[in-house]
Amino acid sequence: MGFKLGELAELIGAELCGDPERRIDGVATLAGAGLGDLSFLHNRRYRSDLSRTRASAVLLEREFAEESPTACLIMRNPYAGYARAAALLTAAPSPPGGVHRSASVGEGARVAPSVTVGAGCVIGSLVSVGEDATIGPGCVIEGAVDIGAGTVLIANVTICCRAILGERVLVHPGVVIGADGFGIANDDGAWIKVPQLGGVVIGNDVEIGANTTVDRGALEDTVIEDGVKLDNLIQIAHNVHIGAHTAIAACVAIGGSARIGRRCTIGGAASIAGHIRVADDVHLTATSAVPNSIRTPGVYSSGMPIQANREWRRNVARMRQLDRMARRIRRLEDRLGLGRDDDVGPSGSGEQA
Amino acid sequence: MGFKLGELAELIGAELCGDPERRIDGVATLAGAGLGDLSFLHNRRYRSDLSRTRASAVLLEREFAEESPTACLIMRNPYAGYARAAALLTAAPSPPGGVHRSASVGEGARVAPSVTVGAGCVIGSLVSVGEDATIGPGCVIEGAVDIGAGTVLIANVTICCRAILGERVLVHPGVVIGADGFGIANDDGAWIKVPQLGGVVIGNDVEIGANTTVDRGALEDTVIEDGVKLDNLIQIAHNVHIGAHTAIAACVAIGGSARIGRRCTIGGAASIAGHIRVADDVHLTATSAVPNSIRTPGVYSSGMPIQANREWRRNVARMRQLDRMARRIRRLEDRLGLGRDDDVGPSGSGEQA
Amino acid sequence: MGFKLGELAELIGAELCGDPERRIDGVATLAGAGLGDLSFLHNRRYRSDLSRTRASAVLLEREFAEESPTACLIMRNPYAGYARAAALLTAAPSPPGGVHRSASVGEGARVAPSVTVGAGCVIGSLVSVGEDATIGPGCVIEGAVDIGAGTVLIANVTICCRAILGERVLVHPGVVIGADGFGIANDDGAWIKVPQLGGVVIGNDVEIGANTTVDRGALEDTVIEDGVKLDNLIQIAHNVHIGAHTAIAACVAIGGSARIGRRCTIGGAASIAGHIRVADDVHLTATSAVPNSIRTPGVYSSGMPIQANREWRRNVARMRQLDRMARRIRRLEDRLGLGRDDDVGPSGSGEQA
C-alpha cells in the first residue's frame, strides 16, 4: 500500500524535509533501500550507510538530517516512527472471515461472524471469540476461553484452561497457554500432583513469541498485563504476574508466583526465582539470575562472560577458593596492621582492571 | 463434587477438629476462601492469612491449629493432604470415550473402547492405547507406541518413534517425545547424521510439561522412571536415564547419556552435561551447571546472583584475574613468611561478608 | 536391509579385516550387539567392552584392531563410518507419496507428485514442495515457502513467512520457522511492534531439532547455511546468520543479528548476544555466555560449575567483593614495596589450585 511522503509524515507525526508528493510504497534498510522505499536511522552503528542510501526518504533525528542525501522525516524517536510507518506501508489484507470446513467448533461456542478460523482448528463449546479475531490453522482452544476483538493466534497455538485474552493480542505458533503449573507435593518420597485450578488473564496488545509457555495458576490466575511483549521459548510459571509494558527476551525462565513490575526489560536467557518481586522499571541484562526480590529500579546483571577456555579453567578453580582468598588477605592485613577495607580508596580508582 | 468434612478427613487420612457434617465443595487460598471452601497452610509466608480466613475448613499442621478461626484437618504433611483433597473436590468428569470423526487412526492400531481420541489426531497403525486413556486434539502418534491405561495427552503432543508410556502419564501440549537425538559425526569438516534408532520408555505416573522434548535413544532407549515430574521447556537428550521420583523444574537442559538418580530435585534453568552421573537424592538449586558427575547426595549450586550493573562490571573484570590475584596473595605471604592457607581459620570465622 | 561385510567395507571406504561374506543386518553397541550386528568403537570409555563384544563386526581405528574378538572394519574415523553404515543398514522405506485426504492444500500450491503430505496438514497457495519431500502430519505451511527436494518435516512443524528450505533438510516436530522477530520500539513507555518483513533462508542438509524456533528477519533474511545442525529448543532470533557446518546443542539462545561463523560448535545452554560476530572455527563449551564478538578461532568458556551449596554460598558472597579484594591486595603490595603483578611468575606455576 503506497502513500505520498506528506501523508506519511502527517500520519506518523514527523516533520517533513523534502517533496510531499514523493511516492513511498515500501521500507528497507539504509543499505538495501531503493526508489520508493522509506528507510530509517536508529542504531548509530549504521550511520555510515546514511550518506550512500538510495532510499526515497529517511526517518531520523534532527541531528542527522544534514547527512541525508534524500528527503527526511524528522522525529525525536525515529524507530517508533518507523514502526508506525512500516505498519501502514505493509498492512496485510484482513483475512476473509469464516470457519474452515475442517475446523471443529463446539456447540455453544460464540464466534463473531468476522472471525477467521483456520483449517484443522478445534474450538471448545465454552469459547468466545471477538470481532475480527483470527484463529490460525491447527489451533486447539479448550476450556472457558474468552478471546478479544482483533486478537490473532497465528497457528498451532494451544489454550487449555479458563483464560481471558484481551484485544489485539498476537500469539505466535507453538505457544501453550494454560497448561498445568508445576505443582507437586512430596509424600514420603513420591510426588503427588497438586490440582491446578486457576486461569490465565492476558491484557490488551500483548505479544507472545513462538513456543513460549504460560501456565495456568494453581488457585488464582496467572496475569500478564497490557502491552507486555514476550519473545520465544519463555517459561511463565503458575501465578506469575507481569506488569504492563514489560518486555522479555527469549529463553527467560520465570518461577511460580514471581511478580514482575511494569516497564521492566529482561534480557535473553535470564532467570527469575519463584515467589519474589521485581520492582517497576528494573532492567536485567542477558543471562541475569535473580534469586531474590529487587526493590529498587535500575540496571542489574549477573553471569560471567566467556574467556579463552585455558584461562577460564584456571580462574574457575579460584572461584571455588574465593572465601579462602579473602581470609588470606585478611591475615596479611592483620600482620601488617592494616585496617579493614574501608580505606582502600573509592572503587574504580587505584589499580586498573 | 462436594463432601462432608468428616468424609474428607477420612479419605485423606487427616485428624478432624470441627463439625464432621460441614459441607466442603471447593478449594481456595486462605485469603480467597469463602463458605464451602477448604484451604491449607503450607508455606509459612502465608501464616498471617490464617487468622482472617473465611474458609469452612483449613488443612494444617498441629502447631497452627490454635490459630485457625475455623474447622481444621490436621496432618503432618498438609500440602500432600491438600493435593489429595483438591483432586477429590475438583475431579473432572471422565471424557466420553470414542474417536472424533476428524481423527485419523491407522488400520491395525489397537485403541481400547474407553479411549477418547480428539479432533484432528493422527494415530499410526502400530499404536496401542490402553483403557481410559485420552488423546487430546491435534496429537500425532507415529511409530510403535504403547500408551498405558489412564494416560492423558492433553493436546498437540507428538510422539514419533518406538515408545512406551506407562499408566496415568500426563503429557502437556507441545511435548515432543521421540524426536531424533543430536547424533552427528564430523567427517572432514562436514557433519554426517548418525541414525537414531533407540526408543523412549516412560514409567507410570510421570508428568511432562508443555513444550518439553524427550529424544529417542541413539541405539538403546531414553528412560524416564516412575513418578518423575518434568516441568515445561526441558530438554532430555538421547539415552538420558532419569531415576524414579525425580522432579525437574522448567528450562533445564540434560545432555546425552546423562544418568540422573532417584528422588533428585533440579531447579529451573539448570544444565547437566552429557555422559555424567548424578547420584540419588541430589538437589540442585536453580541455574546450577553440572559439568561432572556428582557421587554424593546433598545440595549443590552454582551461578552468580545479580548485582547492580555498575558493580557487576567491576567484579566481573576481576573474575578474569582470579588466578593472578591468588598468585599475588601467595607472593605477599611468601614475603611475610606466612605459611600456606591451612592456618587462616575455620571458614566463616574472621571477616564477615 | 542386509549387506555382506565386504560390500559394506567398500560402500563406506573401510579396510576389511575378516570374512567378506559375513552377513550384517543391523547395528548395536559393543555391549548389546549379537549375531549379524555391526558395532563400533569411537568413545574410548567403551574400550573395555570391545574384547567381550558378540558383534559380527566392529568398526574401529587401526590401533584397536588387535583387541577385537571379531571381524573389523578399520577406518581413521570410525564414527563417521558407523554413521554411514547405520544409514545403509537401517534405511526406512520411502513414504508412498500422495496427499492425505484430510490435508488442506491451497489452490496454486506446487506439490511434486512424489511428495507425501500427511493427515491434517495445511499448505498455503504460495507453497512449492520439491520431489520426494515429506510433509508429516499436522504441519502448517503458510506464506511463500519453497521446500527443496528430499526435505522432511516430521510432524507439527509450522512455517509462517516467506522461507526457502534447501534439499534434504530435516525438521523435527514443534519447530517454528518464520515467526515474527522480537522487534519492538519504545514510545513513551509503551511498546510499538516493528513489522517483521524479512524471510528465512535455510541451506541444504540442515537439521533442526524439536521445538526450536527460527524467526524471520526484520527487513532482510535470517540465514542458516548448508550443513548446519541445530538441536532442540534453540532460539534463532531475527537476522541471525549461521555459517555452514556449524553445530549447536540444545537450549542455546542466539540474539538478533548475531553472525556465527562456519564450523563452529556451541555447547548446550550457551547464549550469544545480538549484533555480535563469532569467527569461523570457534568452539564454545556448554553454558558459555558471549556478550561480545569473538574474532579469533579457539575454545571459549564461561560459567561456574557447581559446588556444595554451603561452600557456594560463601564463595558467591565474595564474588561481589572481588573488586575490593583486588584493591586490598594492591594496598598490601604497596605497603611491602612489591611491584605490580607482572612478576608473580608464569601462570600455573607457584601455588597449585
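Chains: A, B and C, in written order; residue numbering restarts at 1 for each.
Keep in mind that, in the parts below, a contact is a pair of C-beta atoms (placed from the backbone, for glycine too) under 8 Å apart; a residue touches a chain by one contact, two chains touch by 3 or more.
Just so it is clear, the model here is predicted, and its values are computed rather than measured.
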Suppose you list every residue number at the subunit A-subunit C interface; are over half of them used by both chains (same) or under half (different)? different
Subunit B turns onto subunit C (C-alpha superposition, degrees, nearest 5) by 120
Per the C-alpha centroid definition, the whole-Å distance linking subunit A and subunit C comes out as 25
Within subunit B, the set of residues that touch 2 or more other chains is 102, 120, 138, 156, 174, 211, 233, 251, 303-305, 307, 311, 314, 317-319, 321-323, 325-326, 329, 332, 336, 347
Interfacial residue positions of subunit A with respect to subunit B in the complex: 102, 104, 120, 122, 138, 140, 142, 156, 158, 160, 174, 176, 179-180, 182-187, 189-195, 197, 211, 213, 215, 219-220, 233, 235, 237, 251, 253, 255, 271, 273, 275, 284-285, 288-292, 294, 298-305, 307, 311, 314-315, 317-319, 321-332, 335-336, 340, 347-348, 353
Subunit A partner, complex, touching residues on subunit B are 27-29, 32, 43, 45, 77, 79-80, 82-84, 86-87, 90, 100, 102, 118-120, 136-138, 154-156, 170, 172-174, 207, 209-211, 227, 229, 231-233, 245, 247, 249-251, 263, 268-269, 286-287, 303-314, 316-323, 325-326, 329, 332-333, 336, 338, 341, 344-345, 347, 350-351
